[in-house]
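Order of writing sets the chain letters: A, B, C, D and E. Residues in each chain are counted from 1.
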């Protein structure tokens, strides 16, 4: 038992592939916890970043710089009254948020945080991700239907049409990335290197192909990779019902869309699902086009010095964040009203710095590096989500459909065909 | 007659062109508690899927009987009440009322008072338009402009507060002139505000005017032709966006608007985008008026000779001004006593709201929100 | 415990097929009849995939064709259902008694 | 604009003109209540035949209003209508039976294409209690006039919704506040007050704190709205 | 990777699939039926995984559960079925149908278990299916041997799209 646990540490397979149940469960637990923390952090970050974009401060009261605000929110949501509308379909109403949460969380089974840092590596990895994340729409549709109310019903009709439409463009964009795993090209676009020869749908395989071909797929067959990436990154915003495609929950039209009738804990499940889905689709984008866990220039900047330099990044980023927090603590007004807040912020900074120091220890820093780069790339996409929300008005339903079917779909198709043509010749 | 009947609006349940599924006709109750109805407006929508077949507005949730109150208050006592109608443009309301009573008394406010009035009213027009822009953009889904406009509107409210102590329901004017002399540094404040807000207006435009989604959401939405506007009595920026160059400040100048050099911005197509552009241009024109007024403001008294007890001679008078939302009129019947015998307010929001049904027929639900926003209604004024 | 052989899968498929048939034959709601047809198709799929365990990949390829077919069937079937509902205001199977309307 | 030779769009039957005018004159003259006498005083002083007043809006007394438009109407309807001016604002007093035709002519012939407002005033002491006022504006002429008619309780007016669609809500409000009915209105129901409310608040006999207690108790479940 | 705990997962997933199927044909409410069908479909996807057919499993999830069932739910919401719920759910021939279908099922089971020929066929040793290259092999088969069938399937889909649009839309 113990040997099977320790022996995995030196394995170069994912726990799923190695058939190591203990580590697989541990990974699942870690992903679950990490995702919950990420959603909480995302909640705080979104409010802060959006607030600063909108010339205001955002949460400032609960904890230093509102750091504890998400926890306060979570507590509030947990103890809120759970309202079920009269004549609602009780069973379905109860099940709907669970479906969305399950769909959003299950996708993370195949997300590769590193060459071995995934629960399992499926042969159909990307297909599995797309399929399971598309199950989320079932939860949204049933939620709207079960509420027995007009606004949620319109919200779910909108969302089912929207998500099914954008899945098509999304799928085509993904296919063109998958195609790149096997295509090297010989002409101007040829990379001149040998890859694995056959393509793959496995998430880890796709990242490895990018390493082998020495190029992120976003820049492969320039600009075809970029076009596919662009199509995907528009479609993924629509898939997750975020601004400017947040029609299913357009608050100015449908009050809150499909979750109008939800409150308290059930509502927070939708919230959790939405943010997990955002992270999930961002992970797909990062894996397919931005080299997944690969650090910048893994082929060009090789050698012990570079390896050391890049492996110091995680530790130093945490140290930097800690220093930022300490600096803010020092700049807090000297007043006894702010005493606890100052101490809290300083403590938070110290904690971050401590983590940063810990990550500088050699065995840890090599293991953590992949996860760090992956998370950093996903974070960029999450920032984009917030940025979109601060900038764009909302699309109208017919315009949304037009964008999906008349712009994204043909673009994705054209990119796919061009990729195939360029890759073969 | 048939031309007019084209603009008749009423909800005819049980008929209408049907496109996708007959069975899918949906009656939706938007409001009175709804985030996008700007207060307590209730719109009953008859939908075919997402397409609007017809609407019916149910109003009166904020009815306070202002006209009845007026009959039981003296002319002076009623003055603060008008601020509570269009509470985002209280100064304009006050100006209209004071001038109507002055007209009934056949007196004229002194020039300095008129200048102060013009400055404050135009500032108020800018603040009203800013509030409109923020909420309208919010309705369409752009959340950021709201905070920009509120930040800049704050500067106007600060000037109001310094001038008369109130920020929103200012009660700035009195019958016969102004109660307060300008405070020390008023001109400087106003001038610095003009310099402050001019680039900010550019900033709003930068966010929205060329934003593709904004243009797609507003172009061709809620089109109201000039004929439709006239038939439905729609005034203000909505009328000007349909290509009618009509502004009471130019057509029948009141206060001393005839002394200023400004233009009436118009656009041709009469859709939501044009109304947005007209209002943006109006903000700039208001700045232009304020700049001139603050340069030329004369010295002198700020109150005309008004009797202590205001007892207008018997008679009736209608006076209207160009409020930020359109023609704001006061029809006052005096019986020679200290109280108005009858006071009728012609609220621009109320009349403009009537056009909603015509503007949204055949459009989508999302457009209803855009059109309610673009009509710039204030429920305090609709319901009075 | 008995090891799971292809026979097990085939029996499961037979049960699903029977249930689907019952649904098609007894239900009056067109939507549920269509869903029962999906059940039958799935039973067939299961059979095909189970056979592919014995005779190689061809069964899986057929299963994919069956899924394609199911998608087409669902689209047309639901289209007919909507047209029917629009004309008759019902989704009752027994009332589908006209060839043309 | 003023093609005076143009025939009226809908010339009313000739026999309606004179009786209407006489009725008007007969009805206004005797009422002169002490409290609310002022407007009547003004009007009776401005009876035609006193000679033209200066156009300058100075006096507190209405003067007669002379304009080609008025002349055209006078020619057509004779004493059925009166044209006055007060403080520079012109208004017509039209007999109730003529009001539909006059409004239609004002729109079609005189280009008053914008109905600013419809409102009413209640004079409880008079025999004919209500004055209904249309405020009109012409974009082409940049001119604002008022049209006034006098009617008694229980009488009704032709709806002008067919002339200016904007009158839809305005007439509904007049109905709501005064209980004046407009015939031919597409949906004459309360607009600001709730359906089923009793009483018309802007009538003078409706107290300032009066309310429909029964409605309040029934619909809001509270004892009183105060 | 070898499937773990095959027996347990087989019985668990089959129970789920059968339960879902029973609910599909017995529920009064069409939305409940649809949700039950989704459970069945997902259970079958799991069974496909156990049968070394991950690609079919993926297609099952993405197409059936994510696509077709959303279409079903969409239509159920469009045609408001409140009235249908109150009506009689089964037609008069339910007894005959039950007997016939049950007989058919039993016949299948008997053939699979008792028939010499069939069991002889099924005694064949299991084919070696490499899970890690399953997708590639399915792809090669699809675009190799079954090229014509594949093209015909795409034509079928095109016809289905046109047909669905013609059926569902009143005015084209």
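By definition in this document, a residue touches a chain if its C-beta (ideal position, glycine included) is under 8 Å from a C-beta of that chain, and two chains touch if they have at least 3 such contacts.
A quick note: this is a predicted structure, and the numbers were derived from the prediction, not measured.
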Intersection of the contact lists for chain B and chain D: none
Graph distance between chain A and chain D, where chains that touch are linked: 2
Highest-count interface - the chain pair sharing the most C-beta contacts: C-E
Reference chain C; chain at largest CA-centroid distance: D
Centroid distance [mean C-alpha coordinates] between chain C and chain B, Å: 62
Chain C-chain D separation of Cα centroids, rounded to whole Å: 73
Chain A and chain E: spacing of chain centres that average the CA atoms, whole Å: 31
Between chain C and chain E, centroid-to-centroid distance (C-alpha), Å: 6
Multi-partner residues of chain B (each touching 2 or more other chains): 21, 23
Chain E: positions in contact with at least two other chains: 55, 59, 67, 71, 76, 78-79, 134, 170
Interfacial residue positions of chain D with respect to chain B in the complex: 35-39, 41-42, 57-58, 60, 62, 86-87, 89, 113-117, 119, 121-122, 133, 135, 139, 142, 144, 146, 161-166, 168-170, 173, 177, 186-187, 190-194, 201-202, 204, 206, 208
Chain D-touching residues of chain B, taken from the complex the two chains share: 1, 4-5, 7-10, 59-60, 63, 65, 67-69, 71-72, 103-104, 106, 230-234, 244, 246, 251-252, 313-318, 320, 327, 329, 331, 333-336, 341-342, 344, 346, 350-351, 353-354, 383-384
Interface residues, chain C side, partner chain E - complex: 1-23, 25-29, 31-32, 34-36, 38-39, 42, 45-46, 49-50, 52-58, 60-61, 63-65, 67-76, 78-83, 85-86, 90-94
Chain E-touching residues of chain A, taken from the complex the two chains share: 16-17, 19, 21, 89, 91-92, 95, 120, 122-124, 127-128, 130-132, 134-135, 137-138, 141-142, 145-146, 153, 156-157, 160-161, 163-164, 167, 198-201
Chain C contact footprint on chain E (complex, rising order): 6-7, 10, 14, 17-18, 21-22, 24-25, 27, 30, 33-34, 37, 40-41, 44, 47-48, 50-53, 55-56, 59-60, 63-64, 67-68, 71-72, 75-76, 78-79, 81, 83-84, 87-91, 93-94, 96-98, 100-102, 104-105, 108-109, 112-113, 119, 121-122, 124, 126-127, 129, 134, 137-138, 141-142, 145-146, 149-150, 153, 156-157, 159-161, 163-168, 170
